[in-house]
Amino acid sequence: MPRARAPAPQDSMSITTFAIISIIKSLAVIGVLLTAVAYSVWLERKVSARIQNRWGPTRVGPFGLLQPLADGVKFIFKEDLTQPHVYKPLYIAAPMIAMVFAITSISVIPFGNWVNIGPWGTYLQITDLNIGLLVVLGITSMGVYGVALAGWASNNKYSLLGGLRASAQMVSYEVSLGLSLVGVLIIAGSLSLRNIVDAQRHLHWNIFLQPVAFFIYLISAYAETNRTPFDLPEAESELVAGYHTEYSAMKFAMFFMAEYANMVTVACLATLLFFGGWLGPVFGPPLLQAVLPVLWFCLKVFFFMFLYVWVRWTLPRFRYDQLMAFGWKVLLPLAVANIVVTALIVAWRA
Amino acid sequence: MLHLILFLFFGAICVAGAVNLLVQSHPINSALSLIVVMASLAAEYLLLGAEFVAAVQVIVYAGAIMVLFVITIMLLNAGAEQHTKGSRVAILIGVPGALIGAVLVAWTLLTRGHTGSVAMGALPGSPQDIARLLFHEFLLPFEITSVLILIAIMGAVVLASRPEAIARRHTESHQPDPLPQERQPAPQLVGSGKEH
Amino acid sequence: MTPNPYLWLIPILPLAGAAINGFFGRQSSKRAITAVALTFCGAAFAVALFIAFRFSSEAAPYYFDLAHWLRSGDFHVDFSFYLDQLSLVMMLVVTGVGFLIHIYSVGYMWDDDGYYRFMAYMNLFMFFMLTLVLAKNYLMMFIGWEGVGLASYLLIGFWFLKDSAASAGKKAFIVNRIGDFGFLIALFLMIKHFGTLDFPALFAKIQPLGVETAGAGLLTAIGLLLMVGAAGKSAQIPLYVWLPDAMEGPTPVSALIHAATMVTAGVYMVARSHVIFERAPSALTVVAIIGTLTAIFAATIGIAQTDIKKVLAYSTVSQLGYMFMACGVGAFSAGIFHLMTHAFFKGLLFLAAGSVIHGVGGEQDMRKMGGLRRYMPITFITMGIGTLAIAGIPGLAGFFSKDEILWKAYSQGSWVYWLIGVITAFITSFYMFRLMYMTFGGDYRGGSEHYEHSHNSHGHGHGDAHGHDAHGHGEPHESPWVMLAPLVILAFLSVVGGWIGIGGRFEHFLAPVFQSAPAAELAHETGGEGANQFTEKLLMGVSILAAFGGWFFAYLLYSSKPQLPARIARALGGLYEAVAHKYYIDELYAVLFVKPLIDGSTEILWHGVDQGVIDATVNNSAVAAREVSDEVRHMQSGNLRSYAGWVAAGGACVIAYMVWMGIR
Amino acid sequence: MVPLSYYLVLSGFLFVCGVLGFLIKRNIITIFMSIELMLNGVNLSFVAFAAQWHSLSGQIFVFFVMVVAAAEAAVGLAIIIAVYRTRETLNVDQVNLLKL
């Protein structure tokens, strides 16, 4: 059902090759993503340590580079506790839901340009929908259920409060996030991420055209991913660990990975929407030309990941009512105003 | 062929979710099954080519409305429903009536429905086309629905906001405290634990 | 046809007076009320005189269209007035006599609580009567017709606290309804066949039609129906029964409405419709016969009455019979002539009787009067003049008109009419002089006990309250001049009123109205002048003899040998009883019509239809609704799912219906 | 190619499931969800007809239905919360004061 937008290639190749290539791409992307997740954890620990003037993980491997592996192993072999009074089905389902949606949302993210591999050529992207952005939004919005259900199913007041906070917060910030993107969409005139990126050629990055939208997006994205300063769902000082208080071992790891996967997705989106995606100076031999865009892309995403950590250890946490008031009374009107202004300008230009 | 297979696949998921909604005794399960139905309906929309509708279906319905339901269920800590015999009418008259109506409609559609058949992605409802239609032909209804939404928001706020008088009465009569976050006493934990 | 812009003032002025008095009379003083009533009524009279002086037979008839009323298709009826010689006479009589009687009633009703009501009603009556007289079409006439009926109802039942008065008013109204029914149907027939009700247009349409010799015909039907209406209004057989009872009303009312003006409306209407009657001989014959019979019949009843007003009432009925007789033989002008003179002397007689009653403190029974000649001379003289006039003593008004009628009856009708007319004249003079002797002759028989008597039995018990208080046990006294002045004027008129008829001047004056008679009629007039001269003189002598004979017998029985009447009564026995009880006509009607009507209404309509059908329907439907809802309300269980169940079932029904319609 | 009637039957089935849920469920929230289920069934038929007649109006209607559903959900859930506060129950069989 995904309708390919680029005419020639997929039409020419048979359904089987299409399936094979898709599978290969998916596996590759998921592998890369998980690795990225693991190492963003490592990155976070390192950077936070540095910010707090510590060393951070150093033992496992050089610079503790193997630390994530060790963590994974530890999670796998830890005992998986299941409290007696939890509502089992959802208690088990919740982390999976969170994980699945977090990973799925990467599927429409283009991280590179058109490449030719031998006889076939393909986009560096699992699927290209012409409503890609909407799909990302939809899937991330579905991600709420993981948190909410976890909080509810573990039948623990801290968890419940965490879940409630998470769901309420995500729902309310989803609004301003979506609205902040409208300005970009108006300029690009398309919902396909690839078109949006193409619209930013020659350094017409949306960060310059839509600064307000960018900041709105960034803030609401942090809220969406429950990151500081909006990490009230797992505010240690108030609710032991929020919605995953009762979780342990692999289930907990899934939440963990889901969170970081979401971060990656958001960073990718920010890159694509505001920083021109893979666009950048391209030169050199064809191989290099094929690799460079991906490199630019990764660099930009890395910057955002770093920004996440940086912000986390810089800003204090909101109070819940402040959070809500900020979301509804500041971000939302701002986003609407941004839309109006953008629309007026575009209409006047045309 | 592929179309039919996909249709049957997601249709089956739909049916399963709908039936599950009925048989499940706990509202949270019903809510989840409803979410499943909606998601697979989005897939059906994609099959019909209405991709924008599908996306909005997921975002609005599954992502927003159902979240509201789930939040409410969590707020009110709704346990499994007790099977009270409140209404004989609903069972003795309503259910047969509904079934009869369903059978009649299905029979009419399958035997006498002179409707054609649709191809995969029959009507590409691309965002541009939708927008053009929505903001030209259907502009007035669009604005009216926006007003409707505004009114609905106000109504929801008014209804759900708790006047202080009610709050005091509840606290006096040992009702749960006004703030919903804090209403989850331990005995209820055990109680709700028994429910499952 | 010349327009006359003043015509409409004549009816409107009394209406204005009635409105003012009716709305503001309760608060305002009696002087103000008197001023208003007399002013407007007098103004109407003045305008009438003004128009009369400028009246010229060449210009006649005058007309004035006030406003449109009904317009449907080519049928239209307007508020328009019409004045020719006939209506001129009527107008003058009504306004003049009416004005005098207004003055009279000021004195007569002064002490009554409902003084303002009385004056308002009187003015209202004047308005309707003048509308009736001056109407240009039958529908306007009908308005006046009904209006005077209403006014008479209000005034007969003026003392509505008295049961007899109230019922008398109802009786008059109902009996009049019967007549009006005929009148209405006549109107419908006219509309249906001639498409108009305007006198000129209608008569112009009827003129070319020939005489309906065979008897049965459209004009005959219309004529007979009109006669029914006339009989109702003018108290002719068989509808005369209401008039004697109408004497329950105040005496001025009896004088104005039930003697001078309203009751003559029937005569006027017949005369106005002469074009129709002349072409319907059989209808005309019916009119003549009814008139003649009524005349003799009422006269005989009048003999035995002891109530002074009842006597006058029956005399009125019989005189009206004269007029109808005249109309019946085609002598319309004679009928109108007698109408005018009768208005004078009968009004006079009633007013005088009122003065008498007033003087003796509300007594109406002649047996308790007598010898009043000494107490109230002026009343005696004037009433004497009136008696002479009605009796037909030569030289007075009544003589000329009555003689005219008798002559016409003989010359144009048959000798039977003439004979009965003469006998009636004899009886008339007899009972009138009997009245005079019993009232004024002999010694006063009233005495002390008339006091409570007047209380328990007679109408003016509180109408003349002052009559009691002023002079404890009734020392009879003369009435004040405000009452006597009209008497004098009317007495004068009763004397000279007839002279305008000498040499047929009155007839010639009215001739242009009645000249449309078909050839058949005119033959009589110009038949052998010489012979007619002789016979006319001869018949005149006979009628004079009859008049004096009546006087003589009255003198014999009630002055010289007062014990004789009782013996005669005993001798006659049953016959006297019958006469005294008015031939039991009222009882007869009660048995024939009233009782069946009441019983039928009670049993069939009330208990049967109303309670059995209508009420039962309503009540049972209400009960049914309650029963049903008692069952159905259990659907209102307040349970959401039950409601949903009903909705689902209903939806299934709708779907099933649609599917069925689809596959059918 | 799939016969349109299949889609219609599916939507009808969803609708009837909603009706049945309304009829047999006692929990207000579940009943409310059944209403949403009905709306979804209707939406499917809208889209299917849009594909049948090749006019996007059908899809536009879906949006309006969604808007109405959203408003309805907001108000309805608020009402449910109010009801729960006063009646202390979510069982419709016990919320039946509206009767004689």
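All chains are identified by letter, namely A, B, C and D, in their written order; residue positions are counted from 1 within each chain.
Quick note on the criterion: a contact is a pair of C-beta atoms (placed from the backbone, for glycine too) under 8 Å apart; a residue touches a chain by one contact, two chains touch by 3 or more.
Remember, predicted model here, so these are calculated numbers, not experimental data.
Chemist: Name the chain pair with more contacting C-beta pairs, choosing from B-C and C-D.
Modeler: B-C
Chemist: Name the most central chain, where centre means the mean of Cα atoms.
Modeler: D
Chemist: Please tell me the distance, in whole Å, between the geometric centres of chain B and chain C computed from their C-alpha atoms.
Modeler: Roughly 89 Å, centre to centre.
Chemist: Averaged over CA atoms, how far is the centre of chain A from the centre of chain C? Could you give it in whole Å?
Modeler: 111
Chemist: Can you check how far apart chain C and chain D are, centre to centre, with Cα atoms defining each centre and the answer in Å?
Modeler: From the centre of chain C to the centre of chain D is 83 Å.
Chemist: Just curious, how far off is chain D from chain A if you go by their C-alpha centres, in Å?
Modeler: 33
Chemist: Find every residue in chain B that makes contact with two or more other chains and list them.
Modeler: In chain B, 52, 56, 64, 68, 73, 75, 86-87, 90-91, 94-95, 98, 101, 105 touch at least two other chains.
Chemist: For chain C, jot down the residues that touch at least 2 other chains.
Modeler: Answer for chain C, listing residues that touch two or more other chains: 637, 639, 641, 644-645, 648.
Chemist: Quick check on chain D: which residues sit in contact with 2+ other chains?
Modeler: Within chain D, the residues that touch at least two other chains are 19, 23-24, 26, 92-93, 96.
Chemist: Let me know each pair of chains that touch one another.
Modeler: Once each pair is checked, the touching ones are A-B, B-C, B-D, C-D.
Chemist: Which of the residues in chain D come into contact with chain B in the complex?
Modeler: So the residues of chain D touching chain B come out as 1-10, 12-21, 23-27, 29-30, 32-34, 36-37, 40, 43-44, 47-48, 50-52, 54, 56-57, 59-60, 62-64, 66-75, 77-82, 84-85, 88, 90-94, 96.
Chemist: Which residues, counting only chain B, touch chain A once they are in their complex?
Modeler: 6, 28-29, 32, 35, 39, 43, 46-47, 51-52, 55-56, 58-59, 62-64, 67-68, 70-71, 73-75, 120-121, 124, 126-127, 180-181, 184, 189-190, 192-193, 196
Chemist: Spell out the residues on chain B that touch chain C in their complex, using ranges where they run on.
Modeler: 86-87, 89-98, 100-101, 104-105, 108, 112
Chemist: What does chain B use to touch chain D in their complex?
Modeler: Its residues touching chain D are 3-4, 7, 11, 14-15, 18-19, 21-22, 27, 30-31, 34, 37-38, 41, 44-45, 48-50, 52-53, 56-57, 60-61, 64-66, 68-69, 72-73, 75-76, 78, 81-87, 90-91, 94-95, 98-99, 101-102, 105-106, 109-110, 113, 115-119, 122-123, 125, 129-130, 133-134, 137-138, 141, 145, 148-149, 151-153, 155-160, 162, 166, 170, 175.
Chemist: Which of the residues in chain C end up touching chain B in this complex?
Modeler: So the residues of chain C touching chain B come out as 635, 637, 639, 641-642, 644-653, 655-656, 659, 662-663.
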